[in-house]
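When the chains are written out, they are named A, B and C in that same order, and each has its own residue count from 1.
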Amino acid sequence: GCGTGGGNNSTETSGSEQTWELNLGCIANNPTTSTGYNSIGKAILEFTELADEYTEGKVKITPHWSSVLGNNVQLYEQIMMGELDFHIGQPMSSADKRFAAWNVPFVFESLEEVKIGFNSETGVLFKLTSNWMEENGVKLLAVNTSVFRGVISQDPVYVPADMKKMKIRTYEDSLVNKFWGEIGTASIIAGSEIYSALQTKTVDAMEFHATGTMSFKLYEVAKYFTDLNWQWTNGATLTLPIELWESFPEEVQKALQRAADEMVERQYSYEIADQEQVFADLEEEGMTIIKPTDEQRQEWIELSRGMDDWFKDYVGSEAYDEYMAAVAENKAAMK
Amino acid sequence: MQLLLISIMVFVIMIMGAPVAYSFGLGALLFLILNGLSLGPVASTAFYAMNSFAFLAIPLFVLAGDLMTRSGIADRLVGFSSSLLKNVKGAMGAAVIFASMFFGMLTGSNIATITAIAGIMKEPMMKMGYKKEYIAGVLAASGPLGYMIPPNTNAIMFAVIASCSVSDLFLSTVVPGLIWAIMMMVVNRFLYKKYYDPSVATEEYKEIAIRDGDKIPGETIGTYFKDLGKTFVLTIPALIMPLIIFGGIYGGIFTATEAGAVSGVYAIILGVIITKNMKAKGIWDSFTSTGKQMGTILFITPFAAIFTYVLVTNGAPAAIANFFLSVSNNKIILLLLLDAVFIVSGFFVGPAVIIFVITPLLMPTAAAMGIDTIQLGVMLFVAIGIGNITPPMAFNLFIAARVVDVEVSKVIKPLYYYFIFTGVPMLLLVTFVPELSLWLPRLISG
Amino acid sequence: MKTIIRFLKPINKATGVLLNHFNGFLIFTIFAIVLYTILCRYVFNINTGGIDEFTVYCMTSSVWVGAVLVSRNYSEGQIKIDLLRTYVKNETVMAVFDSIWQIIGIIVMAMYTNLSFKYFIYQLKRGSVLSGVNFPIWVFTGIMTLCSALIAIYELSYIVHLINSRLLSKRREG
């Protein structure tokens, strides 16, 4: 059977008039209430609307926001098991070690590069990811460009040495811990305690995106944001069980793919607009924005490249090489 | 419709005595099977439901409480506060409420508050002659003070979905929180007698218990302070504990959850060195007994999560909200209906679903009625406090009953008074008097 | 029947002792890791290497192990509301209701054990790991499966115990 919706919730009337009522799980917040800096939430909602429109009402997708159906680990696992219809979020490396490749620091230079690489028709990175996921029984429909991550801190951060004495909040991911552990003291703090931990200075810094700093109100408890783009988060990938995908007639598949592709375009344009606004907003809220110079950024990159052997070992050398080759091919194609 | 019937069935078999966990489990499995839905998500939903740092405070504070009791620190703390409040009627009930507020300054969680305060207060209160059901009732009722007094983890979640300031939300609940605490103390003042019998106090507590609330013949200010001084000296090592926790959290050494482990270490040190009540065996017993308590306190969580999964994937929260909001256009009636949605949904779903699923459904209506987002947040936080004591989904009630080791059904009665005379009036108050919530944030952040 | 019981009793007892200490060990692990985290961060300025993630999984396991210990002991039992008992004083009626809840418990736990086992096998095959420390998750789903099976068994044995004691008391009366 195809999970909570899938074959189960589908109601067959006659022949080609089959309709589907499906569930989508994500950790994003409902954009009708969380309006600001929520490019992913907006894109997800619009994907469900477009899917409805392009399938002429045959596919109704109900989005379930704010992790009410589980976190990313759980949601992607449900997709692999065929128990959830759609997931838009981050497929975690606990499910497939190769996915850790996306977390390697300082790989992409711009969101545009990401967008081209993960274009569902032509992107080399999309094809690679799609092959990996197929082995998990998962159909990859689209990869949103999502966001880059920077650094929030109580004292200014320009170069890695500035963080030597800092306690840096991270989450449960070996690769992320490894990177920040080389720079300062990495400490895992639960999401619900971040705000208080910054306020009481239990941690001095954390890695996060600028838009999240706005929506989680972290500017209230921290002074600096360094626009470092240290890591791209593969945070809004649209997947579904292959079994469910193959149960759709061809015209439904086409319609869903079209909706997914359009979602990517929209998320990208929302995110670009957000990026143009976010730093001004953070400054207005009293934060100081630090834009590292090319030389300063180079220090970070060199430090990161010095850990490449570790990353490669962690991701698995075959997957790491495949991924980096695809990244290089994509960079070459851009020029 | 079927889902409604199944929810009612869960409620009925639960109040007839079926274990809470199995009632939720049965309801969820029945619905999935009757509708031919996949049972595949059941085990992983249950497994990941507990898999949250939010619950970590429970084992740590249950352990700390157990260690504090075994070490004798709890006795000394309570002895001191009872000397201090010796002429106050129902002093120990009031002390629970006061201590919950105090602990609220350290944690943002009501569960941590209940487990931490229960750990210190339950044994001495029982020895003084307070009935277990009342101790559990006061603990469950005053649990929300743990987040009404900032910090507040619910506020952190709400701030994200409602795009408002966390620190404004922190400030907004201070006045309502204090009023709520005073209401609770008033209810306690009238209610405690029904559940207090000093004649059954143990030998060591006889003296304290008998005089609780009554003037002792021949007592002067001199003897009062002499007695107070005596208990104070005994309590000094115990009083250092809150200082360590306070200093540790506000000094940025550890988080509120981690504070549970630090209190445990301090209790062991005191028990071994100062009170000399503790042996290795006793310490190990604390660990095993905490483990066993986890098997009842949190065993509900996986099954409640499966039931919640069924409710959420089948549109129940939306149905509840839409049903109520379609009734009227009159502002006062709408406000009352908003409260009704909060209270009714609070019966069946836990805080996360109320915050992330129900509240977003209510926000457009609330906005159209001109309710400030901050005020809506405060209404939500009060509603969560109420929802946590109303079964079937009533974690404060279940946890308090379990840590005090008393039947849930017995706790319902004293808790009912707190529900009617503090919970509901508090919700109405914050609904109809926005200034209670908005005054302090405006004063401070302008 | 009697020989079976004679044979099972020491096994039951050993299981109880073992699980009790194992659970104490799980709680101790949580306690120790949290303290270690604080020391690493605040005193030594070193990384914990992601070991923090263990705490939550140990907690999950302690809940399941604790639930076995609770269902092992007939007099304790899981959290229930039990309003009925305050109104109905008839022992036989209550015994009937108790048996019904017990049967519900057996059904729920037996079904859950089955589902949990499938999930365990799935994770075993996939080799999912805790991303912080690279520890296999199936160890914890395995504990969950084993515990839910034990709970089902103890609930079943409780019903046998209930019926036996009813029959015994009937026989004594008669």
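Here is the rule we use: a residue touches a chain if its C-beta (ideal position, glycine included) is under 8 Å from a C-beta of that chain, and two chains touch if they have at least 3 such contacts.
Being a predicted model, the structure only gives us computed values, none of them experimental.
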Chain contact graph, described as a line, ring, star, complete graph or other shape: complete
Result of counting contacting C-beta pairs for A-B and A-C, higher pair: A-B
Identifier of the chain whose CA centre is least distant from the whole-structure CA centre: B
Most widely separated chain from chain C, with each centre as the mean of CA atoms: A
Chain B and chain C, separation of their C-alpha mean positions in angstrom: 25
Length of the line joining the C-alpha centres of chain A and chain B, rounded to whole Å: 36
Residue list for chain B, restricted to those that touch at least two other chains: 40, 44, 53, 56, 253-254, 257
Junction residues of chain A - those touching two or more other chains: 73, 77, 81, 202
Residues within chain C bordering two or more other chains: 37, 42
Residue ranges of chain B touching chain C (in the complex, touch as defined): 13-23, 25-26, 29, 39-40, 42-44, 46-47, 50-53, 55-56, 58-60, 63, 253-254, 257-258, 260-262, 264-265, 284, 287-288, 290-303, 391, 398, 401-402, 407-410, 412
Complex contacts: residues of chain C adjacent to chain A: 37, 40-42, 45-50, 52-53, 122, 126, 128-134, 137
For the chain B and chain A complex, residues of the former touching the latter: 35-38, 40-41, 44-45, 48, 53-54, 56, 108, 151, 153, 156-157, 159-163, 165-167, 249-257, 309, 312-313, 315, 352-353, 355-357, 359-360, 363-364
In the complex, chain A residues that touch chain B: 1-4, 6, 8-9, 23, 29-30, 32-36, 62, 64-71, 73-74, 77-78, 81-84, 189-193, 195-197, 199-202, 215-217, 220-221
Contact set on chain A toward chain C in their complex: 73, 77, 80-81, 92-95, 97, 100, 165, 167, 172-174, 177, 181, 185-188, 202-203
